[in-house]
Structures are given as structure tokens and as C-alpha cells.
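Shown next, in C-alpha cells, is the structure this report addresses.
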Amino acid sequence: MGEKKTVRLKVKRQEGPKAKPYWEAFDIPYRPYMNVIICLKEIQKNPRTFDGRKTSPVAWESSCLEEVCGICTMVINGKARQACSALVDPLGEEITIEPMRKFPVVRDLVVDRAVLFENLKKVRAWVSIDGTHAIGPGPRVNPEQQQKDYVLSTCFSCGCCLDVCPQVGEGTGFMGAMTISQVRLFNDHPLGKMNAGERLEALMGPGGIEDCGNSQNCVKACPKNIPLVTSIAEVNRQITKKIFGFLGK
Amino acid sequence: MDSSYEIKISPHFWLRRLHSLSGIFPIGAFLVEHMLSNALIVKGPEAYNNQIEFLSGLPYVLWLEIFFIYLPILYHAFYGFYVAFTGRNNLAWYPYRANWLYSLQRWTGLIAFVYIFYHAYHTRGVNLLYGTEVDFARMAQFMKDPRILAFYITGLAAVMFHFANGIWGFLVSWGITIGPRSQKAAGAVCALVGLSLFVIGVNSLLHLARA
Amino acid sequence: MVVVGGGLAGLMAAIRLAEGGHQVDLLSMVPCKRSHSVCAQGGINASVNTKGEGDSPRIHFEETLLGGDFLANQTMVMEMCENAPNFIYMLDRMGVQFNRTAEGLIDFRRFGGTRFHRTAFAGATTGQQILYALDEQVRRWEVEGRVRRFEGWEFLSALIDEGGVGRGVVAMDLHNFEIRAFRADAVIFATGGPGMIYGRSTNSMICTGSAAGALFRQGVWYANGEFIQVHPTAIAGEDKNRLISEAVRGEGGRLWTYKDGKRWYFLEEWYPKYGNLVPRDIASRAIFKVCRELKLGVEGQDVVYLDISHVDKKLLHERLSGILEIYEKFMNEDPTKVPMRVFPSVHYSMGGIYIDQKHMTNVPGLLAAGECDYQYHGANRLGANSLLSCIQGGQAAAKRAQEYVQGLEKGAESLGAKFFEDQIRKEEAANDEILRRHGKENPYQLWEEMGRIMTDNVTVVRYNSKLEEADRVLQELTRRLKDASITDGSKWTNQALVFTRQLENMLELARVITLGALRRDESRGAHYKPDFPNRDDANWLKTTVARYTPKGPELSYEAVDTSLIQPRERKY
């Protein structure tokens, strides 16, 4: 490890939403345990390309740096993932960094992911409680079910599952695996269940579950190892039951 | 309440489900029947010609064909094209197994469509339009041409892959196989079904070519 | 109504205001779901006593005060502890995935500063789970049309009219740099902590404390700034220090280092009653003593071992997986097999914006809640009380805001447009001024220098001479920042420009912290001076109140609320 002196960072840059993208390369002194964030910070402190040319600092977002906030998601060596947990060592001496592919670029590596939260509104991803006032304890929950649902609940809306999905794009408006998985989560909850029908119907609408093409990239890309394909299949089962319900009316 | 969040079930939902279903029934069912009927080729011209006669002698055969074969296939094909064109293949970035299957499903769909069109014209179309007799001899004649034989085998492979992978996807889309274990098992079964039908089909074609 | 900040406290306030029938504008610099509250790992305290240990809100109250060395507001802490069980139930109904007992009840684990099982938890990402639940409820109110969310908006300044009354805020869209005035009859600030002042801390990159600094510069008072909690167990990193929750010790984790070739469990030896679960200030000082004074850190470095490898793997997976994954991802070692290498890190600010007992700041119409306020934790916060104080603060501030608005004679609507336009122009001019700077300094490098000086001198062990030196450097940095060029003239997502503005506020707040520490000649909670090793109630049982003057922060002192129990000696 000692002989590695610098890391070459190739960054895809773009001044604004309509501007033409271009590439710039930066050389960063290598340190052990280095991650992509440290590389980008180094550029902030000294915004010069590898050949010494002065440039504007690269725009990128970060916050928790512990892989729980999801904000620093970008495409690193071709794969959508969080920059904070992308340690430099396994990435090789030349690292390419691009903004996420399925969201409009704001500037450089900053993208607009507001659509993720809009999708959660469309599918009513919440428990419709009566209010926040004191009305006593909530329902009892089987610990096994809690363990299962907790995993679904760790989704931090990073958008990787949408970024890798061949079905997500302007053609479909597909809401993606994370949205479907959240429907599964709330339909599982003892109180959330009460509005299960509504959520399923939302997924039968535009951009809903029918746009899934079963490429199963989502489950591979999820940094939290959420069983997204299982969530999709489970919600499909709930919808199939619902279809029979319709037919019986 | 903000009206932009009203819940509406879209026609696409029903059409896509119908698309998925039509691949299994009636198209898949017909495919299986068709392959087994054709397998009679190995029993010689007489058995095969009898089967053709039996099938074409069914009452309301044209109506049966239209509603259980032609229309479903046309619907499945054209809605399939629409679905395929809304997606964007990304194998270059994510060359995972299931992603390959996803892309192959779309490509084989296209090949299958061309193949089936060609095949249906020469085996059924010519009969309906010009009264040409389609029997063992005519098919054998066809298969003597190695280009046609190769095209048939390719077409058959595409159809069988599309069918087998289609069943696998169907089981997920309808929520029958949910977890990774059941999906893996279903994958093995589907692969076996597709492969078996493909072998049966190729065997029939080779019999024709050698006849 | 405006709420600034989309973490736990801000979301809780927004929900309560919406429930109360108000229209709410919720401003947050990042999507609320990405707020720093996600980083809270271990849990949230509530004395429900389902384990039959005899715990009660009263004991919770006393332990919180003792933990905070009696500098917290007793009336407010009492209210918080009494509300706690109902908050847990409320969160449970919202769908927070709390771990369960065999009977399906919410499970509780142990945390520092108490011997009861009092901490409800959702795996090891409790803050994330609670934040999501509140975020979902706000989303519901958005669909109902009661809340408008402005995510990606940076707070710049409060609108304070000639009568000294808060009338809203001015904020900037971080993408297109549009500056807008948000009129409001009341504003609740829930803008979080200032960890970034220390360069590297367990805080998120967004925890600059800039909003509190900006308010301070506008005349809003700041209290107890010198009380900065240093968490005993974090993984030191170049980009940030990653927290390893107290929950690890709550579930049986032990701290040790080698002494004479043998494992030495120093906390268990020094504090036999509480062992590894002494409050954080005490544990951090102990680790400093081991590493710096006794030079017994692992391999002579600033490192001790936090060991969980003896605990049942299934239990670890169910209760701590989130933390253990962090360690494995960033350190490339499996903590269920080898002990974790940890060292203390700046973690939380007990001090914050000055508020009265109902969360109003000294400027009527401006309220504060969450980590950015100061009343609940005194001189040292107990683990798992922060999520609780966010919920408590958020709802209490919302309650007070509604009462305040009802009693208001004329609302923000009565002010002419000019008042708002002037303020917008002022902020635009401030941006332009920074864009015109073409000196040789780089703001990010200055920030690093500030972080170093603060971490070296204003954390666990404090000396007056070094504090004086730190303050001098801070003033120097403020001056050098005027000479900083940001090499980017754009007014589109210009992050360096935003950061420069934040840094100005951070430097101001850094001085408040440093001067507060310099003046307080005693040792209390997280504030420890070897030259004044004892608590001095006669002179210092007081709240530090800092006021802005152009010449620097001016400090004065106020009596602490001790209406419920008498301060006693703090011993563990």
C-alpha cells in the first residue's frame, strides 16, 4: 500500500441543468482509509486540476458520512453508491465520478431527487394516526415481524434502486423499488394496514408496480441490503388478491 | 387536500397485467400444445398429417385461432413493444444475471415476433389466402434449406427463452414466488421447461430436415 | 408560522402546529429525511418501568439533573421526563420500529448515567427511525395542504422589526440562489448543533451551527456555549469521527487497554457501581487520562478498545447491527470478532440559543427547540436524552408559538412590503460582497484551522492560557476570512459562497464557546479545568448568557432554576 502516491479522480462536471457536461481530472495525495469524500474535500481546499489549472470547486453534497443520510450518492466507477462508504483502496488508482443518471443534474455531482419524496406522498407512505396527543400505548408487535420490518424501514431514500433500474425514466415515470418497499412496510404495520387498499391502488396507478421489469438490479444496488425484489413480489401478491376482490364485486 | 395526490388506477395497470397473463394463457398454453402436436413428426408423416387434419377439422377453428392465438399474440407483441421501448437497457453498467435476463426477454420478444410472423404466414397464411396445402411434405421441403432450418432453430430458441423466462417473471409479477429461494427454484423449473420444449422442437425440425 | 430546521424538533413542531390548524412553512437546508437526527443510534429514554425495576419519571428527572451537574432547568426537565412515556407511545403508533420483548411490548436497554433499563431503541438507528416517522407525518400534512416544505433552503437571517419583534425569516434557495422573505407571526428554530466548529466531530457536515450564529449576530442571546459534550467512543477519521453508540456498552460492551501486558478495564476499576456506563463526560475524561496522562493508549496512540466480541452474535445483530456495520464498512474489521478502536470525539452541544421556560428567545416571536436550545441538559447530557429533548422541545415550542400568536396585536401581514424587500437586498449585498473577495485564503482551509484550534483547546481538558490563545486565533481567522477567495463567481449552487457565510457565523459562535469556557473558573460536567478541578456552586451555579456586540461576545450570568431539588455532590 505504501507505494501508492496519488489517486487520480476523474469528475464529470456540469455548470447547470442545461449546460454541457465535461470531464476534469484531479490528483489527490493518497492516505490509508481514504474514501471518496476525503478526495472531494481535498479538491475543495485546493481546486486545481491534475495539470495545475485553477478551476471552480466541484459541487457535491454530503452530510452524515456514515451511510445513513443518503445525500452523497453518486456514480463511482460506473456504480451508484454513497461516496462516504466508498473507500479508495478497492477502487483502483483512477476513479471516475459522475452524478446519478436518473435524476436531473443541478450542478456537477448535485442532483435533484425531490421526486423520491413526491412518490412517497403518492403512495401514502405513513400511518394515519388520529393525532399526536396522549392516547395510550400502540399495538403489540411480534418481535419477529419487527425484525423484518425494521430492515425495510432503514431505507434512506438514496435512490440507488432507481438509478440502476432500466425501467426508471421519462418513458415510465416508474416510482421504483424503494416506493414499493415502503408500501410493503406500511401495509405490514398493525395500524398502517388500515389504509393498505389505498396504497395498493396508488401502485396500480401511473408509475406504479406494473412498470417493474424484473431486472432485479435494485436488490443488488441497495446499500442497506433491503430485500427489494421480495418487497415487490409481496406487494404483487397483495395486488393479485385485490384483483380477485374486484372480480368478486 | 391537494388534488395532485388523488389516487387513480391507470389503464396501463390492467393492460400490463393482461399482457402478462396472455403470455401464459392462451399463448403459452397454445405453445405447449403446438410443440407436442409437432412432436408427432418423429412418428412419421402419417401421424403428423392426421394431427393436422384433426386440428384443422375442429369446429369454429378459425374463430378459435383468432381469439385464442392471433389476437392474443398480436396484443402480447405490440403491448410488449410498447413496454420494451419505455425501458432503457443498462447492461454495460450492471451486467448482473437477472439484468441479462431482462434484456434478453426484450430482444427474444422481438426475434420471436419476426419468427412467428414468418412461420404463421408460411404454415397458415398461405392456406387461408391461397388454399395451399400445408402438410408434412411441405414442412420437410422447407427444412431442407439450411438457412430456413437455422432461422427456425434460432426462432425456436428465442420463443422458448421468452416463454421460460416469461413464466419466471409471471410468478414474481403475480406474487406467487416471493422470496429469493422460491424464485431460484422457480427459475430452475422454468429453465427445465423451456429447455425441454426447445429440445423437442429442434428434434422435430431435424426429423423434417432429414425426411 | 415558519419552522426552520427539519430534524426531530423541527418536524415535531411542524406537526403540532399543523394539528393546531396553522399553515406552516418548513425550511430545511437538506431534505428533512437527511437531517442529522438520522445519526442518533442508541435510543430514547422514557421511564415506563415495564421491566419491574421501579423506575419512574421522577428518578429519570433526578438522574438527568445529576448527569448535567444541576445546570439544567428543573421545571423543564421534569416536564420532559413526565411526557417521555407518552412520546414513546406516540412514536410507536406512528410506526417507529422499536425492538420488542417476547410479549410484543417495546423493549428497553441500559444507557449511561442510570442503572435502569430506560432506553427504547430501534436497532441501532433509533434517530433515523424516529425522524422517518415524523417526516412521514409531515408528508401527510403536506398532502393535506397544511404544510409547505422548502427543502434545500438555507436560513440567512431573522426578520426583526423596529419594535424588536420577530416577523419571519429570510432564506436562500441553495440551487438557484433565490433569496426570499418568509413572513411569519412566529418562527421556531430547530437548527441543531454546531459540531462542525470543531472540524471533525460525530456531527453531520450540515451541523455548522450557522443559523444560531447568525441569530446571535442579530441580537439573539446564546447560553452555556462552553458546555460541549465529548462522546467517549468514536472512530477517529480524517473526514469525520464516526460515533460508536453508548448502546454498545449498554448491551455489555467493555472499554479496556493493556497495562503491564494484561487487559485493564479501567472504567470498571475506577467506577465499580456504574462501570462502563458512567456518564459521557466522566468516561471521556477517563480515556484522556489513560491515553494522555498515563500514556497507556493502544500501541501508544490515542486509542482504547471497545470490546463487544464476547456478546451473543444474534443479540448483536438484532440490537446493534447498524453500528457494527458502520465499523465494518469504514474500518474493514468485524467488531463481533475483534475489539473496536475508539477515542473520544466532540458530539453534542448542551448550550444553545437562550430561551425562557417556554422556548421563547429574548426576541418575541422567535423560538428555539432541539439541540440548538439549551435548557434540558445542563453541563452534560445523558445518553438517549437528546432525542427525547427534541420531541419535548418541538412540541413545547409549538404550543408556546400558538399561544403567542393568539395574543399578538398585529401580525407580520401588517408590515409594509418595504421592510421585507430591504432585508432581501441586504442579504443579496452580503453575497455580492463575498463574491468580490479575491484574496489568497481558502475558506475550507480556514475552517480546518479553526477545527484544529478548537479541538486542541476547547474540549475535554481546558486551560485558561490556551483558551486565551484560541480566542486570539479565532479573531485572526475571522480577519483572514475577509481575505478569502472562493474561485467561483457563479450564483448557481455556489457551495463555497454558502460555506463562507456559514463560516463567518461559526467563527462567532466559536468565540462564544471559547470565552464562556475561559470565564468559567470551575469544573462542571463537560467543562473541566485542571486548575479549578472542583464544582463551585457558590460562584458558578449559573447560566452563561452571551450577547453580541461588534467588539465581541459579552457575557453575563443568570441564576439556574433549582425549584424542585437541591443540587448535591455528583458521584458515580
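By letter and in written order, the chains are A, B and C; residue numbering begins at 1 in each of them.
The rule is short, and it goes like this: contacts are C-beta pairs under 8 Å (C-beta built on N, C-alpha and C of every residue); 3 or more make two chains touch, one makes a residue touch a chain.
Computed from a prediction, not measured in an experiment: that's the story for all the values here.
Chain centres here are means of the Cα atoms, and by that rule the chain farthest away from chain B is C.
Relative to the whole-protein C-alpha centroid, the nearest chain centroid is that of A. Distance between chain A and chain B, defined via averaged C-alpha coordinates, is recorded as 36 Å. One finds 62 Å separating the Cα centroids of chain B and chain C. Averaging Cα coordinates per chain places chain A and chain C 27 Å apart. For chain C, the set of residues that touch two or more other chains comprises 142-143.
Residue positions of chain A touching 2 or more other chains, listed in rising order: 121.
For chain B, residues that reach two or more other chains under the stated contact definition are 5.
Residues 15-16, 31, 33-35, 37-38, 41, 44-47, 54-57, 59, 61-71, 84-85, 87, 106-108, 110, 112-114, 117, 120-121, 124-129, 131-143, 146-147, 149-150, 153-154, 156-157, 185-186, 189, 191-192 of chain A are the ones touching chain C in the complex.
Within the complex formed with chain B, the residues of chain A that make contact are 78-79, 121-122, 164, 166-167, 169, 171-172, 198, 201-202, 204-206, 208, 210-217, 220-221, 227, 229-230, 232-241, 243.
Those residues of chain B that touch chain A in the shared complex are 5, 7-10, 12-13, 16-17, 83, 85-90, 93-94, 96, 98-99, 101-103, 169, 172-180, 183. The residues of chain C lying in touch with chain A in their complex are 15-16, 19, 30-31, 33-36, 38-39, 86, 89-90, 92-95, 97-105, 122-123, 125, 128-129, 132-133, 136-137, 139-140, 142-143, 151, 175, 204-206, 237-240, 242-243, 318, 322, 326, 329-332, 395, 442, 444-445, 448, 486-488, 490, 492-496.
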